[in-house]
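Think of it as A, B, C, D, E and F in the order they're written, each chain with its own count starting at 1.
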Amino acid sequence: MSNTPTGRAALSHLDESGQVRMVDVGGKADTRRSAIAEGRVRMGAGAYQLLSAQANAKGEVLNTARVAGVLAAKRCAELIPLCHTLPLSFVGIEFFPDDATHSIVITTTCRSDYKTGVEMEAMMACSVAALTIYDMCKAADKGIVLEHIRLRYKSGGKSGEWHND
Amino acid sequence: MSNTPTGRAALSHLDESGQVRMVDVGGKADTRRSAIAEGRVRMGAGAYQLLSAQANAKGEVLNTARVAGVLAAKRCAELIPLCHTLPLSFVGIEFFPDDATHSIVITTTCRSDYKTGVEMEAMMACSVAALTIYDMCKAADKGIVLEHIRLRYKSGGKSGEWHND
Amino acid sequence: MSNTPTGRAALSHLDESGQVRMVDVGGKADTRRSAIAEGRVRMGAGAYQLLSAQANAKGEVLNTARVAGVLAAKRCAELIPLCHTLPLSFVGIEFFPDDATHSIVITTTCRSDYKTGVEMEAMMACSVAALTIYDMCKAADKGIVLEHIRLRYKSGGKSGEWHND
Amino acid sequence: MSNTPTGRAALSHLDESGQVRMVDVGGKADTRRSAIAEGRVRMGAGAYQLLSAQANAKGEVLNTARVAGVLAAKRCAELIPLCHTLPLSFVGIEFFPDDATHSIVITTTCRSDYKTGVEMEAMMACSVAALTIYDMCKAADKGIVLEHIRLRYKSGGKSGEWHND
Amino acid sequence: MSNTPTGRAALSHLDESGQVRMVDVGGKADTRRSAIAEGRVRMGAGAYQLLSAQANAKGEVLNTARVAGVLAAKRCAELIPLCHTLPLSFVGIEFFPDDATHSIVITTTCRSDYKTGVEMEAMMACSVAALTIYDMCKAADKGIVLEHIRLRYKSGGKSGEWHND
Amino acid sequence: MSNTPTGRAALSHLDESGQVRMVDVGGKADTRRSAIAEGRVRMGAGAYQLLSAQANAKGEVLNTARVAGVLAAKRCAELIPLCHTLPLSFVGIEFFPDDATHSIVITTTCRSDYKTGVEMEAMMACSVAALTIYDMCKAADKGIVLEHIRLRYKSGGKSGEWHND
């Protein structure tokens, strides 16, 4: 949460008259783009135990969430109005159980060789994977929380690398 | 984060052999269902100021996020594998700016007269509205965080009312 | 183009604060709903002749447009932000060639037993059928025009029958 | 409405036997493509006044229509059977109120660097934006008409520039 | 493959003039509908061994196919032009490895309380699950075959039970 | 059904830990890709006669199936979890009636200039075209079978040409 610009142009999806617009990427060259997003699904001890105790079942829940996240990444531009449709060359989703906080940490990676970045695709994959875990565990705990979904890394394009640690 | 059951049945999307399945709602009666979800989009001071300073522009950004959230609620079952397709009678999305934390708080309400709840639809609307705000402000602040997306309230069905305050 | 009300409530998709919202149909009963829309695709003499001269080919073009229109009616709520998802019991599309004006007149009928009307579904079916004819004939005439797409009839619900002749 | 060819090949979506087919663009090079479409939503005086009188509300209605139009442009190939899926580099939608005729004129611009044109995407954006205005104003006037949706301009590809004034 | 009627009405999706139409289900009552479809994915010994040898991996492949099949059942009416959109109360998919023929047998069950049957939903789920297995194993064997996809059982509606053994 | 490899890497959609993943095509160059799939819809004598007897009706049924197949090819990556979104340059679908077996043989061809193959798109087009024929003829024969859907040919990419005769 930093480097906030000062001009209006900073909200690049608004034109001079303050109306939404898709950014024109027609003049840009294809470069290798990548983005990593991260989020966390935190649940009660009981639900976490249920999820963890059964090796097999856990695999099914997390595999289902992974599949849902990958499919959502590919459909990101259908859901986020001003995103560009783009050909993803890779979507990867990993889950890291964190016993201390009864959480599943989700890391999503998207890549494309295109004119615009894939941040939204990574964020979308992370959110939908998290929502799918919520859906499959909500019978055990309706109070599950999706926490701290954010961009961790991006590379490619004019602005180059960006880290958020 | 409470009332976590102890049996395996608690993960209702897994059958006896631990494989995913859609819950059969065929035997259930239609009741009035509603759900409220809430989340927060927290950004840096600069991005928040840009968003807030321009009454008009702010309207455009938040209206775009609202439209995206409503559309996503209607398509929830396409994205979350084991959700049932259902006819939503209402989707409402409200935004509350919180100057103290440079955040936009999002509240989403879904209703249906159907055999199963609309929690996921409310959670999906909230997540996609939040992602749309991220998308439209990310040129000003890539470090924007989606925080604390969770269910606030549900009613209808066998389990009746549920609050999370 | 008549019976225009005078209060703000007339724009039913705006709430008291002027923000868009989905109309809540939760309190409404299911009734038999139907709607008929009509439009016209007008083209140059040459393109019209090409389309008409070949019995077989004409069938292919119009059948393709019919299929596209039916599919679009079913997906109306994905495209029109504040439309309700609803189960259509019938979609029918008819084409009437009008030699005098080199036009194809399109009539679409939608029906549902539901809480809200199917005007938008009929209008969407008509528009997408018209666009499909445009697409398939545009190599012969880029200047083809979609004309006078409008609702012809609706029935069902509190407001009952409505004609536009 | 002019330059209508005389051979059957003119309906490029039909093959020699008169059956529909997707045109093979495999041999074509990427060029900068653009297309502008235009249409008009004409309503009664009362509905037009309602739409115009409230600066804020008008913004919400038109912004909602703009978002719907942009999303529809990106999904054009899902709806128009023989359209190619293509990566749009830009979609822009503008609204011009015309007090004299109680109309909103809609202009849509699409661009892509691809092997085939974006006429259908511009026409689709225009139609769905118009339908969304209809949907949001139909409570005030069911007789609203979508008029004269047509291509205004295209450039790129072998056939180069084309105007329709 | 039996009871073939003799009149034209037998192709219920064609009207009197031989044009496609959606069957009007407006007059029908909701009944409990169910359908079971079955198909088979047959592969070479090597690919089958790869799939079978790794308990874990096999689970991932088949779970991915199951998730894809469930999602496809819910979207059947988007893909099959004259299918009605309907609310599925249940979708279940099971896999049975058949070592003798190096095949995975797929059984899909769909249920709905609605005015029309769910045969197509079961057939679609089966086909897409089979295609997903093909996709995930094709690096090991491009010659994998989808065999004998057919309806096994249906119940509900006027025609009652139907078996195909 | 041949050349089955022996290592685990053969199931390219599983990573080292046996979890599903999208194959990274980021490093690959665009080449001309094509794929041909084939399948068969076999029905009873009565249904086949109905389909064949009416020149016009048959055209409508098969045209509808062709349109459905083309649309499904374009949406393949939405349905098959680990498929890449890609721009198809061509989709073609042909039907060959086989009187001896009361079957319609379906051949589908897909082409793209891209980094990965179009086998799944051709298989998907074939399956959905077959399912559409089933849907339109099932009133005459519920026992219709989809048979032997498989890849016939592929070219392009590192592995070059592949035939299955």
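Points worth noting:
In this section, contacts are C-beta pairs under 8 Å (C-beta built on N, C-alpha and C of every residue); 3 or more make two chains touch, one makes a residue touch a chain.
Small disclaimer: the values here were computed from a predicted structure and weren't measured.
Any chain that touches chain B and also touches chain F is listed here: A, C, D, E. At the far end from chain B, in terms of centres built from Cα atoms, lies F.
Compared with chain C, the chain whose C-alpha mean position is the greatest distance off is A.
When the C-beta pairs in contact are tallied for A-F and for A-B, the bigger tally goes to A-B. For the self-contact between chain A and chain E, the two sides draw on mostly identical residue numbers; the shared fraction is above half.
Here the spacing of chain D and chain F, counted between their Cα centres, is 32 Å. Centre-to-centre, using mean CA coordinates, chain E is 16 Å away from chain F.
With touch defined as above, residues shared between interfaces to two or more other chains in chain D number as follows: 19-20, 56, 60, 63-64, 67-68, 71, 75, 81-82, 87. Chain pairs recorded as touching, per the definition above, are A-B, A-D, A-E, A-F, B-C, B-D, B-E, C-D, C-E, C-F, D-F, E-F. Residues 1-6, 8, 10-14, 18-20, 39, 42-47, 49-51, 54, 56-57, 60-61, 64, 67-68, 71-72, 75, 79-83, 119-120, 123-124, 127-128, 131-132, 134-151, 154, 162, 164 of chain F are the ones touching chain E in the complex. Residues of chain E that touch chain C in their complex: 19-26, 77-78, 81-82, 84-87, 114-115. Interface residues of chain B facing chain C in the complex, by the touch rule stated above, are 32, 63, 66-67, 70-71, 74-75, 87-92, 111-113.
Those residues of chain B that touch chain D in the shared complex are 56, 59-60, 63-64, 67-68, 71.
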